[in-house]
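Chain lettering (A, B, C, D, E and F) follows the sequence in which the chains are written, and residue indices restart at 1 in each chain.
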Amino acid sequence: MNATPIPTPTPTAEADLELDAVVSALRQARQDWRASQQRLNEAGGRELPSAEVLGSIVDGLRGALFPMRLGPPELRPDGEDFFVGHTLHTQLQALRGQILLELRHAARQPGASEPAEAVAGHAAALTRAFAHSLPAIRRLLDSDVQAAFDGDPAARSVDEVLICYPGIAAMIHHRIAHQLYRLGVPLLARIVAELSHARTGIDIHPGAQIGPGLFIDHGTGVVIGETAVIGQRVRIYQAVTLGARSFPVDAEGHVRKGQPRHPIVEDEVVIYAGATILGRITLGHGSTIGGNVWVTRSVPPGSNVTQASSQQVCEGGNT
Amino acid sequence: MNATPIPTPTPTAEADLELDAVVSALRQARQDWRASQQRLNEAGGRELPSAEVLGSIVDGLRGALFPMRLGPPELRPDGEDFFVGHTLHTQLQALRGQILLELRHAARQPGASEPAEAVAGHAAALTRAFAHSLPAIRRLLDSDVQAAFDGDPAARSVDEVLICYPGIAAMIHHRIAHQLYRLGVPLLARIVAELSHARTGIDIHPGAQIGPGLFIDHGTGVVIGETAVIGQRVRIYQAVTLGARSFPVDAEGHVRKGQPRHPIVEDEVVIYAGATILGRITLGHGSTIGGNVWVTRSVPPGSNVTQASSQQVCEGGNT
Amino acid sequence: MNATPIPTPTPTAEADLELDAVVSALRQARQDWRASQQRLNEAGGRELPSAEVLGSIVDGLRGALFPMRLGPPELRPDGEDFFVGHTLHTQLQALRGQILLELRHAARQPGASEPAEAVAGHAAALTRAFAHSLPAIRRLLDSDVQAAFDGDPAARSVDEVLICYPGIAAMIHHRIAHQLYRLGVPLLARIVAELSHARTGIDIHPGAQIGPGLFIDHGTGVVIGETAVIGQRVRIYQAVTLGARSFPVDAEGHVRKGQPRHPIVEDEVVIYAGATILGRITLGHGSTIGGNVWVTRSVPPGSNVTQASSQQVCEGGNT
Amino acid sequence: MNATPIPTPTPTAEADLELDAVVSALRQARQDWRASQQRLNEAGGRELPSAEVLGSIVDGLRGALFPMRLGPPELRPDGEDFFVGHTLHTQLQALRGQILLELRHAARQPGASEPAEAVAGHAAALTRAFAHSLPAIRRLLDSDVQAAFDGDPAARSVDEVLICYPGIAAMIHHRIAHQLYRLGVPLLARIVAELSHARTGIDIHPGAQIGPGLFIDHGTGVVIGETAVIGQRVRIYQAVTLGARSFPVDAEGHVRKGQPRHPIVEDEVVIYAGATILGRITLGHGSTIGGNVWVTRSVPPGSNVTQASSQQVCEGGNT
Amino acid sequence: MNATPIPTPTPTAEADLELDAVVSALRQARQDWRASQQRLNEAGGRELPSAEVLGSIVDGLRGALFPMRLGPPELRPDGEDFFVGHTLHTQLQALRGQILLELRHAARQPGASEPAEAVAGHAAALTRAFAHSLPAIRRLLDSDVQAAFDGDPAARSVDEVLICYPGIAAMIHHRIAHQLYRLGVPLLARIVAELSHARTGIDIHPGAQIGPGLFIDHGTGVVIGETAVIGQRVRIYQAVTLGARSFPVDAEGHVRKGQPRHPIVEDEVVIYAGATILGRITLGHGSTIGGNVWVTRSVPPGSNVTQASSQQVCEGGNT
Amino acid sequence: MNATPIPTPTPTAEADLELDAVVSALRQARQDWRASQQRLNEAGGRELPSAEVLGSIVDGLRGALFPMRLGPPELRPDGEDFFVGHTLHTQLQALRGQILLELRHAARQPGASEPAEAVAGHAAALTRAFAHSLPAIRRLLDSDVQAAFDGDPAARSVDEVLICYPGIAAMIHHRIAHQLYRLGVPLLARIVAELSHARTGIDIHPGAQIGPGLFIDHGTGVVIGETAVIGQRVRIYQAVTLGARSFPVDAEGHVRKGQPRHPIVEDEVVIYAGATILGRITLGHGSTIGGNVWVTRSVPPGSNVTQASSQQVCEGGNT
């Protein structure tokens, strides 16, 4: 077993870096990789969306959605609409640029059907559709804020929830990412989701369908898969997984993409920390799933699932 | 069950964004929210503290507490006091501004008792009290650094611990946040705690009372609740939860705030990764809690708690 | 038990901060700490490496390793080598500066053997050796990207994997950190590892030996210890721990450093989320370890390890 | 005669900076100055406007006045009004803050009549008045651009004129500064004028009254005094001075402020490079003043003023 | 005569800015201007080059031309070529973008002949031609540095000259601007020239043809016109003008563009401060022109031109 | 006469930049230059001081000299000494670095006498001497501010003078530059002087000796030479030159450096705009020099020098 096949470097007394050799060897490595990927004739620049750019777009949209809370500190009510309009104008242009990069990337793939000349119009249309969904996104996020305030006895005000709860930060990202996913730019959606993951430790696939009023408390380690469906007013604690049991394969053993494989969580379910819910099962309306429980079969509405037994064993003290 | 009630956007060939309509709809959404929150007459600017500002205050205080390790690289010993004094002067003024924002926000709430004209003096007094607790905070943090160095065989020096251990970064934030919490500015305290959570994956409520010499190793996924009490020289590994079992309610079913509901961890306890400790129970002096264990009852001093049985099952190989 | 031994601050009406007193008390706290560490005569500046500087070095190297994907957006193929050469020239000089700081720090420790005048040449030699290992690092990272693409049915292209998977971000950091660790600058290596931990929630000790094609999915909460050895094409999910069972001690009870104490994971093993693997055991070639399983004994090749029983209990609904 | 009364510094071998002594001596110097200015009890912070802040306000207003030429590159016509509104909202708030600082400073002077509590309302009213004069300022600047285009045979387009002629940059600053001067905030006006002076080498006192269509070509060294009056479509070249002959004094020999003491330049006058026009004289409509001419008496309309004789003397060659 | 036709603003007690009205009035002003310029149907974004972008291109090229003196401080000789190549790659791409903007702007003018689809190729070709003239520009600048060192007794080294003489800064800008002018992008050339003017007070039209070894000392107020021709090893002091006497007009009185109208200065001429040289005259080889002299006729080689007489008059002392 | 010997670039249809050829030709140009300067074996990095670094040092010192006027806006009186001490600590370290670069550069010149190992101590001693002259510099600058306030009827307060008069900005730079000049680091001094020149259009050689209370009004185009001596309470207007008549040469015709060659201006002299004073002459105490006058002989105390006659000629109007 060869764990780290880099030859042991031998430091010499020679201080010259001999960068030319390193540059050549790196070029060779790139060429080998491109050959292995059948991409030998790559021309043009970096044709891919940028996480940095998307990060600043999301930050801009965040301010436009909640101007007096997450916008610039000097904003006053009589300047709100100017700020919102200017910010959207700027950020949506940047977003159109990123959408264009993804559509062009897709159009270059073997088997792609979109003609290159249609891409610009397509990008503009998607941007417009995204823009017009922002008011609905704002209303959904309001429901999430209300849910967090209602669900956490420690919350003192809806403003505190909006400003500092990581679960809300995750939902702002997700509701934007999910809309991008639905519009057909899954790479942008994924980048936004990973930005959220890095900032909050909460990993929600942009494909997940989440109803109003989701409250994720603490959040670190939560994983929600691509085909999960979550109803209204659901509450989830840290380290909960809504995962797939296995990947459905077809007769030839190829993974069948897009098949529903993650749980359905009905309205008003509560899932405590560390619970693992796997497969296309349904947690019925109003059920409670206890901490650290492992669930792989559907449960009816109103269920209360806990561990089979306490595993606690106290061995005597050390005296 | 309606998971994502945003109407499916229909991309059209129309490139014009029609931003005016989006701006109007967003304004309507804000007004509906404010109406739902009885906040129709909001005037003035963003009256809430800012996570960005608090982040830079904490970074400044970090440098003032450990000038030769976390201050500016060009600092020399003969400039230490000037640097510390100037940094405190600057950061504490900024902190007073944030305290003022929180106190004013509190004074605006229905039922608030503090007269508006008393707020500025109150903010100044709190800032001064906070300033004078910094030396004690520094000494506590020294104990945490020493504990991490003593507790981790891989640690090569106290400097390494201070510079790169996430557990120490979390304690710097917590000891600042906890002091703010005790002084009566819980929103600032919470923001600082969430900054720490985002940076380290360690989620300590600012209300938690933690004695000297806490060492949190690895740390990702640790959650410590508001009324937890931790003694001296305790060691905690990743993904440990010190949580509440349930929320105490009064006769009318209202949650009773501020009731002790999280564990007491006595001196020199060690809690291994993934353990979950729930409710107002006590882990006696010097006890050891094994990995992934679920504990909901007090254990006497010197206990050694492990899982009931090994769950390991080896099914035969596939040859 | 004294949890927070800071005297309760008493806010007074006095607005003057009396910063002189705070500055003095902080100076006294520093002096006490230095006395406790036998460092009374400290002169010179901050002699330690800087996490900020290393963060920007890693970002620079990332771009030099993958110029058309993670380099500047305006880069075109005919400028690749200039960009790579210039970036390496700049970043490797900065790296040499950080190596120098660590070597000098080490040379100041009691019992250090390297003469001060040899340090500069040593730093240059290490930098050169590191530079020449970059092509091999790039090839290893290509194998990781390919593995993630092959292992995740949701991945649409290798570019998506490279740009947004946290598991890849963690491997870029680790393969750089591991090389620094092997070259004898463990503090730099640790800082790079903690940067990765903060960004991805994945905590890999820089000493861990990892073969080509590791795919860490989701990743939050993964911990991989210093002496772990991982073969080729291994797949690991979130919250997996490859940890030590206990610290080996010698006859006098001192921890024996550097002893192998973490698992060996052979080629093509898959470890599902939340599994805990402890001690110097071996997971045989091609084994599968189920979610949340606790493993403390070696398993033969081709094993399939799952939990002993389902702990799922459904208590009836609440009507 | 004592030209530089600093004692010759004597570099010593002593490397310690002894900063404490320097800091003390600087404090003493400040106290002596404040004593000499009867300002011993100064409290509060820096109560004066800031050149940096005004610089960025002017840059912002420049963009709001000419959004598609001097605004952000990514602006599109359908976002113009949002940009203009948002920029004005932001910059005018900042301007109000600066106006407040000047009014408060004035109110603190001995003999000031404005009650302190009236200052905030006064500042708001001035800001509003300034805001509503911006459209007229834009129209005046359009006339200046047109005049420069008409007057310079080298100009290729009005856009070139707007983007790069220093004379236009000077007029943008002046028309803003003059409005501030008229509104009663002369210190702000002066700061804006000096920003222009530093950027263009053109020194126009904010009090100067300048009609539409002024074209200053090249510009370096132009000085236009406080009470100068300039008509329409005037053209001025580099190093021209419109200055005062002497300061009018009253019976006690005190300078009488605000007396007209600079030239009146009627419509369509041209003044060539280096000409010096001094005193409250009038250059009649349509006159031409030659290069380097020194004028201290009024000239009738249609005059053509040149030097008395050519001073050119050719002394024989060097063979 | 109407000097400042803005109605006197009347500050009111009304604090509301009424920004909507200002925004509308500014929109109307823009529309009136566009109507007056026959530009009613303007679409698209800001189609003009940007002074900010060109400023940073020039700064980049400056570093690429003199890497070890004006490049980044950390550069070492073995990284020079990588730095130069990478910088050129980046800056020349940016320059191509600016050239494209100017060419497109020109192609939109009435009567323009270049078809829109040819513009991109044209821009690329111009960029390439510019790139290949950089080595010759560097050699010319070396001659200027040498001339300044030779001509100024106060100069201590060629490095001092290169780093801090404004005359050299002006020549770096001019030699770049002149090349852009020759290539047919006069707007870019003019912007670069005005950047130089703002930074140094030296105003050289990009059309001026200047031989090797020009030394401009002090420099403030120097003006050199579009068709001026300057030979080798010429020396010019502050406030010297090489200007036009009058604009040549054709039979209909229209200015005839591009006609030679500025002086020819032959090799090794010296022109002292404040001299004014006007018209298409020739200053013969090796001549000396005294300070403040006004020259409007050609002078033969070897001439020595001074003022006709000293104008100095001493009126008696003050007793 | 060969004005611009760059071959006319021929734009081709070829879009490839062929950067390799440009990089090679630039390398060749550098090598030719270094050969011509006998600097073929240059190793190491950029060994020269940096204008950028000195610019920020001067800005820092400016704040430390006038903390409540030019320091950070948030400064309060009780933090002044901390700010001053910290700023000096930081900026003087940076200054020591720049001094070191100049001393090392000097030590490398042929004929240099300072041994390389003495340079670091020398730099520290110079820095210390400079530090201890700062209080005297502050007092001199106070006299300049007072003089400007007294001398300009338009000045409303000493604060206005300090904040926005270019003459004061020039004196802050000059008094710092002159001290550096006296301490033996003329290159640093010159760089600071040129920063001032670029910012204000006032060009004062750092060698000029200037007594307390100099007021330079307007300032653009003022030039003051290296050996000029200026007494107390002198007033100078724009475009005044205090220059050299000719360079003194020795028997072999070599320029003799350091010889007094610029004017002596005694106390309370006033020099109006555009006057040119040349050579080592003396303007006696209390004299007045009129605008545009050319003076090359000493004048006794109390003189009043004006132009011989008015050159004004009015030719009749053009009708």
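Basically, a residue touches a chain if its C-beta (ideal position, glycine included) is under 8 Å from a C-beta of that chain, and two chains touch if they have at least 3 such contacts.
Quick caveat, the model's predicted, so the values are computed rather than measured.
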Neighbouring chains common to subunit D and subunit F, by label: B, E
Hop across touching chains from subunit B and tell me the fewest hops that reach subunit C. 1
Could you tell me which chain lies farthest from subunit B when each chain's centre is the average position of its Cα atoms? E
Over half shared or under half: which fits the residue numbers at the contact of copies subunit C and subunit F, same or different? same
Taking each chain's centre as the mean of its C-alpha atoms, which one ends up farthest from the centre of subunit A? F
For subunit E and subunit F, let me know how many angstrom lie between their CA-based centres, rounded off. 23
Geometric centre distance via CA averages, subunit F-subunit B, whole Å: 53
List, in ascending order, every residue of subunit F touching at least 2 other chains. 16-17, 19, 23, 72, 74-76, 78-79, 81-82, 85, 88-89, 201, 220-221, 239, 274, 307, 309
With chains as vertices joined when they touch, what's the shape: line, ring, star, complete or other? other
A full list of chain pairs that touch reads A-B, A-C, A-D, A-E, B-C, B-D, B-F, C-E, C-F, D-E, D-F, E-F
Of all residues in subunit E, those that touch subunit F in their complex: 64-65, 67-69, 71-77, 80-81, 84-85, 88-89, 92, 121-122, 124-140, 142, 153-154, 156-160, 163-166, 178-179, 182-183, 199-201, 209-212, 218, 220-221, 229-232, 238-239, 266-267, 273-274, 291-292, 307, 309-319
Per the touch rule, the subunit A residues reaching subunit C in their complex are 1-23, 25-30, 32-33, 36-37, 42-46, 48-51, 105, 109, 186-187, 190-191, 194, 197-198, 201, 203, 205, 220-221, 223, 226, 239, 241, 243, 247, 255, 257, 276, 278, 286, 293-297, 299-309
Subunit C partner contacts - residues on subunit F that touch it in the complex: 16-17, 19, 23, 78-79, 82
Using the touch rule from the top, collect the residues of subunit E that touch subunit C in their complex. 72, 74-76, 78-79, 81-83, 85-90, 93-94
